[in-house]
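Two complexes, one shared chain (subunit A), two partners (subunit B, subunit C).
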Partner chain A sequence: MNEIAMDEPSRSFSLARVPGVAWILGVLLIGFTAFSRDFLTGPNLHNIGLQSVILLILALPQTMIIMTEGVDIAMGAVLTLASVMLAWVLVHNGSLPLALAAALATGLMFGLANGMLVALLKMPPFVVTLGTMGVAQGLALIVTDGQSIVVNSDALQAVYGGSLAGMPLPLLIAVAVYAFSHVLLYHTRFGTYVFALGGNAEALKLAGIRANAYLIGVYVLGGLMAGLAALILTARMSSGHPTSAIGMEFDAIAAVVVGGTSFEHGKGWLFGTLLGVVAVGVLRNGLNLLAIPSSAQVACIGLLVIVALFIDGLKGKQ
Partner chain B sequence: MSFALSKPGRFIGALTADLKTIAYRLAAAMVICVILTFASDAFLTTNNLLNVLRQASLLFLLASGLTLVILTAGLDLSVGANIGLSACIAASVMKLSGSALLGAASGVGVGMCIGVANGLLVALMRMPPFIATYGMLWVVHGITFWYMAGTTIYGFPSAFRALGSGYFLGVPIPVYLMFVFLTLGAFFAQRTTYGQEIYAIGANRESARLSGVPIARRLILVYTVSGAMAGLASLVFLARMNSAEGDIGEAFTLPAIAAVLIGGTSLFGGVGTVSGTLVGALILTLVLNGMNLLTLDASWQPLVTGVIVILAVFLDTLTRKRAEARK
Partner chain C sequence: MNQDTVPLLELRGISKTFPGVKALDDVSFSVYPGEVHMLIGENGAGKSSLMKVLCGAYTADAGQFYSKGEPVDIRSPADARKFGIAVIFQEFSLVPYLDIAQNIFLGREFRGSIPGIIDHARMHSEARKILDLLGLELSTRTLVHELGVAQQQMVEIAKALSQHARILVMDEPTAALSDRETERLFAMIRQLQAEGVAIIYISHRMAEVFAMGDRITVLRDGKKVGSKLPGEATPDELVRMMVGRNVDMTYARSFGTSEGEMILEVKNLHAVNGIKGISLNVRRGEIVGLSGLVGAGRTEVARAIFGADKVTAGEIRLFGKLHQGAPDKAVRAGIALIPESRKAEGLALIRTVCDNLMLPGLGKAFPNRLYKASKARKIARELIDRLRISTPSSFRAVQVLSGGNQQKVVIGKWLSSDSKFFIVDEPTRGIDVGAKAEIFALIDELVRQGVGVLMISSELSEIVHVCDRAYVMRDGRIAGHLAREELSEENILRMGMHHE
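Let's turn to the complex of A and B:
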């Protein structure tokens, strides 16, 4: 069980554990700096940061879900639905707090549903969330009738464009979410049980701990974060669109996997996910600068995941 | 576990058990038909029924290969994306070469290559099938969009189009294809050593390995078959639509998985039949067709299919729990 010990943040910087993701990130940074003059500039780095915020908010809870040997592939669709709900409430009611509450409630419902189906009914997470993905996608289409809901709200604009003490608001939200996730995973009982759920759920049950409640909690967290991400997404696009975030869960899962979290044995670390998010963000941004279409970027990220999983598999055999 | 490898008596026993599960599902399909007959005047017409059969046959072609994968306790999430790329490459080759045969061959070939890649990832690199094929989904999807770059390829030779929209003796050609592949699939799964080994892998991989089943090779085989069937399904779809775009296959993954699960094949492996999948495809198509006739618009389809998948997995999990409790 010394893997878990190594996941302590204080020890994760030792050179022996310089993880694959750091090398990947280094190669990407050097490569893009060499091939594109616009890459290593202040405005562009700022851009990468802003674009990675939503990804980070999704990837952090996804890390915990994957650590429990689960996965949530409905996240992109739930984010889309939450964004649509947020835009709808904002257009019909005008109150941003109420709209955010609607988005969070949407995420909460789906998180609860996913968690209960996985934890209580013991259904395989991949197929369960594939099903709820269809449901969320369908609801988003039904609510919007396939159209965008355009929002003209100064309050919403301020969320994406505003800044506090010189820091853009979305970045501050990202920092807060990271700090929250870090404390939750490494400094609370909840986090300890998340590690245990993936490593040995049976032992947890035998110790008389209500493992199911914690498993549901992890999925609920994923749903709530999707709801929060909806705020930033809707603000960025000034609209809710029924396909806006379809597939975004893949970028998040890619970031988690590239960041060194394993689908087996509850091995995972949040800082790796942060690096993974930056790697995916840098990859997308750099390919953009090189004028490579976003479709080809998806293929590149897919390859990145397969390579990362392959390395993961090699390490597992040792 | 009733995967009798040789004893004819137990084999027939297993077969009648299969017939029973299929009979239940056929009865359910009949009930849906009766309800729809009363609910909509447009349901019980030759045109509509042929339409249902044609749609079900396309879904079955895709889902039949997937059935073999799920029988090994695996999953192929890339089938929808596979349809997209296979159709686009087939269309493009057909346009460039003018040969329908060459186009069709390249479509199936591309599908097969994707299947081989999945098989290698799962069998040799030991990746969890869900994740390997999920990654493959996005790789294939990306390549398709990149290749098509927003363009549409349309207008194919009529000989090719007959594959999707032609009739023979008043019945759509895809329906014949469906029965050909039902026979082939059922024979392969039930009557060949390969098929029995596939069941054995799904039922208990460790004991299959110990009894000398070459697991890696059989896994590569099922993913390859699944890919090739997706390639074939893409041809039928292409011939029917008469045009190819990048997003052509996206809507197929969830229905294909739903068809397999409704057909009684267990996600946990080792239990299920190809003929069950045919009934599953039929039931799902009937439901979607009924929604259509009752003027629920198409945006309801992913929602309904999603709910059906969840219900099917729920029943599957329940059945498995009961079977385990009985032991």
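Let's turn to the complex of A and C:
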């Protein structure tokens, strides 16, 4: 080693330090503004915000799961099942708090199952959550018999349509979830150990920490957030539908990866995920305005992931 | 040092067995307050195992710990910490995307006034104090992955210091440090000594063993050979204590006399993996050893020659022709690499013996690119017989074979492609004694058929018994060359340990 190695890494600002997702977001905003007159309008931006709420609530815990070198592809299916359970309880009982509790309990159970299989049985996260995805999806179909459960609840309507101090309730919930996630990841032991689980799990064990408990905790958080997202999803559709959130995990994982979180070394950041969610939301909304069919939109999101990784890869080489 | 006081920590009769290896065999060991106790021994002598037992990462099968004369149990890292034992690991226990302060206090975060929230301000100010002690001017908010190896080593040291340990265990702490940083570390150690901290210091460098040690303990084959005071031992004496590993068998080897044609010639090779100015050559019909202590850069030389790591300067000549490029070019040029981790890099474990054996030779066996199972099976059977691979059939999955037979498959698969130059990296790792002899017989047979072999081994006795001659590496460079008549474990250790 020599003297040069002891220099502090540069902290100064340069274009190369701007994350790939910010470039992409900039290009998307300029592009859609140029091609669609309706894009850069108050009501449309409001719309993008509302549509991105569910995605954000899924993508934040997904960021932490991916940071532990795991993944949860069951999130969309668990969200669907939780939504169906919520609608079912609401129809049969009428109590919104009880219905929300049922949704959260559904998420908790699946999170616990995922986490325990991954942490204790050392099964690959992809395979575990592929399995639980099938289970959740199947249960959703069984509970509903393949039909929508339509809910007529003023309380539920108020969740999606209501506002507080001029802010729509779903956006407030999203802000609260982001703030909670930020504090959790950057200011608590739990968050510190999330970085360590992916970065150097051995170091965590040598420090005398029960690493498995934290690994299970990350998946439980994912399940609970899927349960919370079910509240907004069910309110938005005024029903619980057995295929309502199929494929949502794809958008969530895409947003996380686009935001610069890596599947290796415990590298990740929540603000990047927020930008990634906005990028996916802007892309979907812009393509809608341009009347591009939703099947083609999925292909575009796939391309978005590849472009983002490509830009970050270019910067990594420098 | 005060010999009259009770030892701060004493180990009596510690043993630890892993399947096939007795890592520690009845080792007794003690440290006194304010003492620097040097621990030396060749590769695999048991130093690292002893350290892992000390820090609670391994649980000893037998033996007892005593802390200040009282029997105690150390069964987990938490136990070790309770008795004031802190370890500076050689393989870093750092988390890349946490900052320096978070790494220093990993698992011991300060609780703030709000329940559940870490007191970052206090953590950074405490970390600052420790970095200042070590003379590190880095910001405590720097993420560890942005640091160089030397800086990471310093953070590792800071982490151990922050635990206010009574017993500090260091595993080759200076391996990655510059002279200036080493001096700083030594000054730090002397200060800790004065405060009554006991230090267990594993070293591969003779100079620092004598400069820093109050007592020197030598391990060999998991056993304690003896302890010496620096005043009553010479470096030569210590080297003699370290060598003389029991060789349970003689390796079959027929040494040639005539000088063969030059197969590989490497001149002044530098590579991104840290090797510097490597020059060596291998002739037809000889086994050339590449020796040195773990971490000296032996595997890196192999990877650079094979094209797996990027070469930045120098040249490689194969049969006189300039060679460069990726592994696929190396294979076509006739180089075979038999990697250290055969399960990860050398074999498709779930595939059959036949599939594995045929892999590199497919192009040659089936020139018209159509696979014929009967022909593949025939070639595989010939190889199985020739290599005496013990398998019920050529269709058995490789993963069910013993380590020795797996290794034969790895070597055999290159025979099907007619390779002319073999690099074998730790060919006998994890292989039992009987199978070792067969592996060496096989390598010997290869050599007699006219190939050249570069053999990397951490077992000094293997190098001495099997090789025609050997290069010894140290810190990424060739430290010296030993001809057949100079080849001895003592000479290798002397060259490998900064002591001429």
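Everything that follows uses one rule, which is that the second predicted complex is superposed on the first by the 292 of 318 C-alpha atoms of A that agree within 3 Å, B and C clash if a C-alpha of one lies under 4 Å from a C-alpha of the other, contacts with A are read in each partner's own complex, and residues count from 1 in each chain.
What we mean here is this: a residue touches a chain if its C-beta (ideal position, glycine included) is under 8 Å from a C-beta of that chain, and two chains touch if they have at least 3 such contacts.
All figures in this text were calculated on a predicted structure; none of them were measured in a lab.
Colleague: Pick one for A:57: touches subunit B only (first), subunit C only (second), both, or neither.
Modeller: neither
Colleague: Have a look at where A:139 lands relative to subunit B and subunit C in the superposition and call it first, second, both or neither.
Modeller: first
Colleague: So, does A:131 touch the first partner subunit B, the second partner subunit C, both, or neither?
Modeller: first
Colleague: Contact-wise, after the overlay, does A:255 reach subunit B, subunit C, both or neither (first, second, both, neither)?
Modeller: neither
Colleague: Given the touch rule stated above, what does A:226 touch, subunit B (first), subunit C (second), both, or neither?
Modeller: Neither: A:226 stays clear of subunit B and subunit C.
Colleague: Which chain, subunit B or subunit C, is in touch with more residues of subunit A?
Modeller: B
Colleague: Have a look at where A:295 lands relative to subunit B and subunit C in the superposition and call it first, second, both or neither.
Modeller: first
Colleague: If I apply the document's touch criterion, which positions on subunit A are contacted by subunit B in one structure and by subunit C in the other?
Modeller: Correct list for subunit A: none, the interfaces share no residue.
Colleague: Looking at the complex, which residues from subunit A come into contact with subunit B?
Modeller: It is residues 71, 73, 117, 121-124, 126-128, 130-139, 141-142, 145-146, 247, 250, 253, 257, 263-264, 293, 295-303, 305-306, 309-310, 313 of subunit A that touch subunit B.
Colleague: Which of the residues in subunit A come into contact with subunit C in the complex?
Modeller: These residues of subunit A touch subunit C: 1-3, 5-6, 8-9, 183, 187-189, 192, 195-196, 199-200, 202-209, 265-268.
Colleague: Inside the complex, what are the residues of subunit B that reach subunit A?
Modeller: 75, 77, 121, 125-128, 130-132, 134-146, 149, 246, 254, 257, 267, 299-307, 309-310, 313-314, 317, 321
Colleague: Tell me, which parts of subunit C touch subunit A in their complex?
Modeller: Residue positions touching the partner: 55, 57, 76-78, 81, 87, 89, 92-98, 102, 106-109, 116-118, 120, 137-139, 142, 145-151, 176-178, 181.
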